[in-house]
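Each chain gets a letter, A, B, C and D, in the order it is written, and its residues are counted from 1.
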Amino acid sequence: MIANPPPWPNGARCAVAFSFDVDADSVVHAAHRAGALDLPQALAHMRYDPFVGTPRLADLFARAGVPLTAFVPGWVVETYPAAVESLLNAGAEIGHHGHFHEWPSRQTVDEERATLQRGSEVIERFCGAKPRGYRAPYYGLSRATFDLLIEQGFTYDSSLFADDIPIRLDNGRGSLVELPVPASVDDYNQYVSARAFDYLMKISAPSQALAVFREEFDAFWEFGGLFVPVWHPAVSGRPAQALAIRALIEHMQAKGGVWFATLEQVADHVRTLEANGLWIPRKERIPFYFEPIID
Amino acid sequence: MIANPPPWPNGARCAVAFSFDVDADSVVHAAHRAGALDLPQALAHMRYDPFVGTPRLADLFARAGVPLTAFVPGWVVETYPAAVESLLNAGAEIGHHGHFHEWPSRQTVDEERATLQRGSEVIERFCGAKPRGYRAPYYGLSRATFDLLIEQGFTYDSSLFADDIPIRLDNGRGSLVELPVPASVDDYNQYVSARAFDYLMKISAPSQALAVFREEFDAFWEFGGLFVPVWHPAVSGRPAQALAIRALIEHMQAKGGVWFATLEQVADHVRTLEANGLWIPRKERIPFYFEPIID
Amino acid sequence: MIANPPPWPNGARCAVAFSFDVDADSVVHAAHRAGALDLPQALAHMRYDPFVGTPRLADLFARAGVPLTAFVPGWVVETYPAAVESLLNAGAEIGHHGHFHEWPSRQTVDEERATLQRGSEVIERFCGAKPRGYRAPYYGLSRATFDLLIEQGFTYDSSLFADDIPIRLDNGRGSLVELPVPASVDDYNQYVSARAFDYLMKISAPSQALAVFREEFDAFWEFGGLFVPVWHPAVSGRPAQALAIRALIEHMQAKGGVWFATLEQVADHVRTLEANGLWIPRKERIPFYFEPIID
Amino acid sequence: MIANPPPWPNGARCAVAFSFDVDADSVVHAAHRAGALDLPQALAHMRYDPFVGTPRLADLFARAGVPLTAFVPGWVVETYPAAVESLLNAGAEIGHHGHFHEWPSRQTVDEERATLQRGSEVIERFCGAKPRGYRAPYYGLSRATFDLLIEQGFTYDSSLFADDIPIRLDNGRGSLVELPVPASVDDYNQYVSARAFDYLMKISAPSQALAVFREEFDAFWEFGGLFVPVWHPAVSGRPAQALAIRALIEHMQAKGGVWFATLEQVADHVRTLEANGLWIPRKERIPFYFEPIID
């Protein structure tokens, strides 16, 4: 069913790269600005992330021997260093996720460029290396984002529902590996219902959410894809939700043939395959359009 | 339970016509116009359709030996010819679905007439024959649509939740076969949650969505109806969702007594039954109303 | 768990009164007025009710030997007499449901009074007797509705989520029996997702919807309540949904001890119990408030 | 998985404090003010709470020998004394929940202070003691709420999704025990769909809702947390929903090792642990922010 699946290391059937967007309460400030001070309930809801959820998940993945990638806004790195420390101790990759979780498509190009630089500097200062990968806050890519990521030397992006395997995005002056995410694997959709986030959704039992995640994975496993769940510690780091993740990992490990990797490792693997002529990803020219199709 | 079911070929218990609306990213341009350039995430979400989902589904149906009908906007035919080629290779019927996926009820009559002509010309140029069937983009039929379809010689429409079997729509100057779709079989409702499409919905596990589709089919099978699921390759062409469709086809084939057909074949079957006096469909005069019921 | 359940006829454990709001496309006209002419898809969606759903359900209940109550707007009675005929042939009670499915709380008192009279006259002319019961369109009771119902001699209302057994509403000049409906039994909530109705909801498999209805019933059965489901033929009269209703009826019949009745029969039973001093319902003074609690 | 769980009395594995927000129709008046008089359906929907749901739940918990905490707006205490009496007879703790269910973050500090005093006075007058705990109506804490609660001598708050165990909130002049609630346990989300409450949500079967509650509890039980469900008698006091609660209690009792307590008892336990140096809760400085993070 997958047309041209890449060969995965050691003959694995598929690749799995768990990713978490460690937003903490940045999303409350970004959405409500000064009004966030009037939302202590929403702030506490999201501060669960650095104080409880992130350390718990870091520990859970370390115990399971499974790597993870954390996309962390710069402000969160500065404000909650202990949470990021717990991620680093678990061997997590730290990716770029804006500075204040800004919506890229609502920024000017200069603002977006400055945000990318600021977030990178904070991560480099704290973690010792610049981030190599990016996920757009709110998936809100602007028309300039990919050009800016190439300009600033990023290796990969992971923000698109574009394919089931890696693709390459090329703007004629350089390129990125795109590590796409499935359209259906989103913990907000399963577990979050809160007016402060303008998100009222039916809350699932963790066993029901696990069925969504597991059935998605099973299909990627069958066909050789790259499976990248996108979750949030304030949501999936809670007790019953964390147990569902643990059950999913156990399901994957019992099934076998899974290459667990960080997104950085996946991107490097793709580049090695390309360099050795072992596999060529589908290429998309970016931007997708230079002019409006309908005025 | 179905009052006057038509006789189906070879004594089949029911008819099944799988249909896909192959919108690609036309819906992003149609909804956001120039603003679509600021939505690369939504564009990539929908470009999954021609690059991944449509070829996969075309292959899946060809392997299963099951025909399908694809409603494709003219712009999508022009922009993604390889995807349409994969459909034609699988023997799919290509139906009309606007040119840019325009909302018919927001067009003037002249604009709507021009859109119908333009979409037809593109399909004729690419596929060698004019489309004989129509499905309204967004189900957004205008008060003029049926008159225009009759004027332009269409054989059938498939946009109404009007019945469980074919009916005939007559405007006094001509008529159409209406091949109705069930109200409950919609893959957006099961799988899509995206602000760019103004559609935030709980995402189901594929097994849960399959239960919706299968229980609907089982009832149509029991009572002799025409079952027309309406799906989208950007949504249902993804790995786990495509597996759910494969499971549904296997369920139907195991149950037996199903006439699998394109919508065009169903419409022709209805016309033959009528011509031979073997079955008369319920007739509705169109438009349903000439004057407002409540001012 | 139910504090003071009424004795039901023949020692039945509970009472069940199936009710359908036979709205047809009145809701499209009422919500969109002249704009309804631009919504042929929505009109056809709802015209399924008189042409397909209502006759099917009337037949299903007649075969099962189970009575039903249909609340029908006057305009629907006039426009779709054959559908109402099928209900009368099945022995259904016809209740009042507005004339054009108007929202009572958006009418002046005089308009609401006129609507009540007009709907009653149509039903009397068509069915031979004035309706004795009322359900507010949209559950949209005005502050005057109960006074008007008492003024016009209605026996009962069935629009409130007020209790699990009948209660009496008294305005000092007269009274009504209120036959309350559960808050959770609503087929739109399980099956309808349509922008034209400003109602986007996750669509359930009929087996999932049946679980909602059956678990509600089981509790009413256990505790001796009056169970009044509220459904719509355009929604629940479709094949798979009608099968779910049939399965629910079979579940009830297999369980036994159920008094199946029309709402009119329930109201008469209550009046007989009261008259004989066998059971006194809880009484609520109406209106609930004469002055605002918070200005 | 829980980093530093408190020791619970008698070696219990976890603590459970059932809580109900006994809003009655205060929410209709608070949201619609004078317009509430035009909403008799919504009023009756919520008056089910004092007339039916609250007495039923009080009885259910008393029979099960399980304590409960009820947060009751002052106006509800005054208006429905029999319902509060049933709670007191069942040994329930009565907590503060505003006077008219006002949204605290929409009040001035003086208004909020006056509301706190007024609600406390009503509870003291009716129940013989001031309330010691608070839950914000709508979870709508203002930036001043915690300061005001400390100023007025409250012992605890229970409005935050901040942790899985008690924490301490300190403003430098005093402190509160925070008894957090899980983010996912909300009966509106499972059972309520009503435009009058601006809340349209898919309605679950009680067995499905029970799975959400039970899986949450099971995780808290496994890791030693404090489990505080937040429910409403107008919603969860109905027959099938009350049976789901009874089933949950039976599940907990069968599992064993659960300390059932009122929230007041939990807060006192925390204070005793702290006083004896047996356990120190995580401390958060309040307010979380003095200045906007993003202007």
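Heads up, the rule we're going with is that contacts are C-beta pairs under 8 Å (C-beta built on N, C-alpha and C of every residue); 3 or more make two chains touch, one makes a residue touch a chain.
None of these values were measured; they are calculated from a predicted model.
Student: I need the common contact partners of chain C and chain D, sorted by label.
Tutor: Chains in contact with chain C as well as chain D: not a single one.
Student: Note whether the interface between chain B and chain C is symmetric in residue numbering, meaning over half of all numbers used appear on both sides, and answer same or different.
Tutor: Shared-number fraction below one half, so different.
Student: Upon optimal superposition of chain A on chain D over Cα atoms, what rotation angle is obtained, reported to the nearest 5 degrees?
Tutor: 90
Student: Based only on mean CA positions, could you tell me how far chain B sits from chain C in angstrom?
Tutor: Whole-Å distance between the two chain centres: 35.
Student: Report, in whole Å, the distance between the mean C-alpha point of chain A and the mean C-alpha point of chain C.
Tutor: Spacing between the chain centres: roughly 49 Å.
Student: Identify all positions of chain D at which a residue touches two or more other chains, and write them in rising order.
Tutor: 202, 204, 208
Student: Chain adjacency by touch: line, ring, star, complete or other shape?
Tutor: Per interface graph, the chains form a ring.
Student: Quick one: which chain pairs are touching?
Tutor: Touching chain pairs, listed by label, are A-B, A-D, B-C, C-D.
Student: Can you list the residues on chain D that touch chain A in the complex?
Tutor: 1-3, 105, 136, 139-143, 145-146, 159-164, 180, 182-184, 186, 189-190, 199, 201-202, 204, 208, 211-212, 215-216, 218-220, 222-223, 225, 282, 284, 286-289, 292-295
Student: Can you list the residues on chain B that touch chain A in the complex?
Tutor: It comes out as residues 25, 29-30, 33-34, 36-41, 43-45, 47-48, 51-52, 55-56, 59-60, 75, 100, 191-194, 200, 202-208, 235, 238-243.
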